[in-house]
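What follows is a single structure, and I will ask about it in a moment.
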């Protein structure tokens, strides 16, 4: 069992300003898992996810990582001058990916705006571009912060499918999510 | 009937780049209405809503307005240095509102982060602050672009309640929304 | 404008924005140290040369301050959606823009003027020459901020257009710079201070409308 | 670093970013016109004074270009989330930052150096004096960009800290400015060009690590 | 009101005939004037001798660059108020030509000035309102083009450009009257052809030997420039056909 554990955060804690956001929170993801992080606005879900991604050091507890991960945050990571195509091409090069960019653009329904700079894209198109990164290289762990936001009905269904396929493939997903989940979680962590 | 019509956009059209986004779209809202704007990502819902708000001139068609409106867009309109409290105080002064800011902060569950600058707020807290503006002065028409995004379950229920109360009060709401709606629309406009 | 409340609020908001961004304290200190440290190195060490360029350096600092500050203000307004809110106000966006410009001039421009005598001293300009010059710096600096605001508003929609702004604004700075420089030697007796004031009044008449139109465009 | 692909991509991305933001074409034109127009006005009319300050003005332009460009680069990276992505890369963020700095120097700094002879001509500096000076401007300018990058990275997390950046960077600029100015008179014969190169190498050794650490901090 | 999108043929038909005529005639007249100016008319010792022949380029280009800016601002105004697309096309065509003529005026003036005034332009520009305001004109043209190029859509570019062009119009009267109003502020000679009021009475006019080729040269350049503008406008309109088709699709509905 423990050989398929991809990430394990133990007794994590975070302080912001003079406030303890959360403490003694543990998160674990094994191959095939979908862990949903749940909590009211401002309880520190984003903070926890950033700790798991290694973006900010946990103020208490420890994190063990045994797999590489993909990150999609509240912001999409697109530069204003980048188009969906150049964004994906750029990260494909960085990651040494051989993926077919045109195919990814087609699957994420970005063929039409493929060459429009991101500052003119709609909210959903920006999010779709970021989701395209997940297809560039295969990484076991996906860390997603409210990934369904801004997506239309089709987009949400497509992302749910992607997540299921990734789990079936031996991957794991840790996602922050409010409201009804369009996917079935294997476990939830409440903050 | 027509004396309660708050806004009427007739045969509206929009072009972006070399693409016709939409044409011949008509939107109308009467007292008590909740009009949902529906469509896939990038079909021009935000563009249409901005035309209705008078932010960009329609490239075809005409808009008649007979009521003042509140606007909540994809961006929340908060300055980086503003806290929820100072943001609401500021707009209260601009609009000559006598509303009790503390009460609004309480209702939107912003009492705790009331004095945290917006660049440190969580996504949901920023959205709640923007929603607080709706309570500063009473305006017949609300124009909301994906207002449920980033809100937690309580927040979504609270906003749905606010919308219902506003409709019962003789107001109208035009909202862009993807996926399942937590509110019952009186009509939908598909793009 | 029957109701001045929006303008007061815009003023207050802009004041605290400028203050929070560090422009208030840091701008004068930054220029002060920058000028005091770099200029003597690059320009040689002769006291005479320094004294000659001292007043000019301050004009440059004011021109720069206006560009740097206002560019960021209007671009931030666009990005965080505050511009959308202002444009939908009944209060004219031109007056709002004017009010914001005034606030930012107070925070970023005025302290530079107050420090003029000290800076002059450092560069070897006699104290007596600097004090009357402050009026000229005040009027000229505000003129810079007005034109700088027009350029910044025009470029607000463009991704990071710092230098486009400079390119647009600089031609409009020229009259104020000429009359301002002339008035430094002439003092209050000459005609230049009158021309400088005329340039400022003209900017006050034209710039707000242009800023308003440009901001509306940026919001689209 | 076994795999150079991330660095090449970072370089390409930064190049096109700089180009798209207009820095490539507009920065040299902006400074060119700004300097050519404003400096003679503010600094008096004597050819001698102009010739004396000409080379110094170019140093200032380079210093300013480094601050203006890099501040925006790292702040934008933070706001649009691209910094989050870079920080999570295996490739060291220090090297990425160095690569981006190089790209921005190429787009915004190098053209200024190429224009130096023309600008010098305009300000009355003899052509022969300017051409050998270009090497000094090249080395010195890159040094500015390195230190400017450190300051910009440090200030990236702070809301709009343009002047904080100047305040941090300027002290680090001083050695390059001193040796650079000296080397202009000495030419390639003197020791100053060696000291200038040493200053650049030192920056090259220290700045990337500092930028990396500062960017990590900003991402937190 | 007829707009280019509704009726592009009218301008296209007219310009097709007008362009070869204006450009051809303009080139002939300019060439004759230059021949007269550079080789036939006597040198003027008071104005620097042979160098004064620069007048035959300097003066027409000076008038034209101001005229072109007025044209730019006028076209911008028409577009801003009535959204007459042809006016925007014209504004866009005028800008690069105006920048060229302004540079020409400044360059010839600078070359002429160095021996005549005994001073290089850069040494007098601070106190010289004429030199200054012409330089400003050049940067206005360049700034106008840069601003347009930086905006994403043609509509936005047109609006932003129009605002800038109209605001910058103030510079033209400053150029024109700088020599007469602030005499002590420039060493440029006062107006001797187009004069008003007091200035007209004060100084002597220009001798017909110079005036006739000068005016003919100016007229020739004017014809040439108007042909050039129409040529650029045609190119622009061809480029806009796609937009026009789209807009029609939108309004037909």
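Per-chain residue numbering starts at 1, and chain names A, B, C, D and E are given in the order in which the chains are listed.
We take it that a residue touches a chain if its C-beta (ideal position, glycine included) is under 8 Å from a C-beta of that chain, and two chains touch if they have at least 3 such contacts.
Not measured: the values here are computed from a predicted model.
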#### Entry: Highest C-beta pair count, chain pair
C-D
### Task
Tell me which chain's centre, taken as the mean of its C-alpha atoms, is farthest from chain B.
E
### Distance between the centres, which are taken as Cα means, of chain E and chain D, whole angstrom
38
### Query
In whole angstrom, how far does the Cα centroid of chain A sit from the Cα centroid of chain E?
58
#### Entry: Inter-centroid spacing, chain D versus chain B (mean Cα positions, whole Å)
44
### Task
Among the residues of chain C, pick out those that touch two or more other chains and give their numbers.
20-21, 76, 158-161, 164, 167, 170-171, 174, 178, 181, 220
### Shared interface positions of chain B, touching two or more other chains
16-17, 19, 74, 80-81
### Task
Name the residues of chain E that each touch 2 or more other chains.
126-127, 132, 136, 139, 142, 146, 150, 152
#### Entry: Complex contacts: residues of chain D adjacent to chain A
3, 5-6, 8-10, 12-13, 16-17, 20-21, 76, 79-82, 84-85, 87-89, 91, 219-220
### Summary
Given the complex, residues on chain B that touch chain A span 16-17, 19, 39-42, 45-46, 74, 109, 112-113, 116, 120-125, 127-128, 146, 148-156, 178-180, 182
### Summary
In the complex, chain B touches chain C at residues 50, 53-57, 69, 71, 73-82, 86, 90-91, 93-94, 96, 117
### Summary
In their shared complex, chain C is touched by residues of chain E numbered 126-127, 129, 132-133, 136, 139-140, 142-143, 146-147, 150-152, 156, 159-160, 163-164, 166-168, 170-171, 174
### Touching residues on chain C, where the partner in the complex is chain E
150, 154-155, 157-158, 161, 164, 167-168, 170-172, 174-175, 178, 181-182, 202, 206-207, 210, 213-214, 217, 220
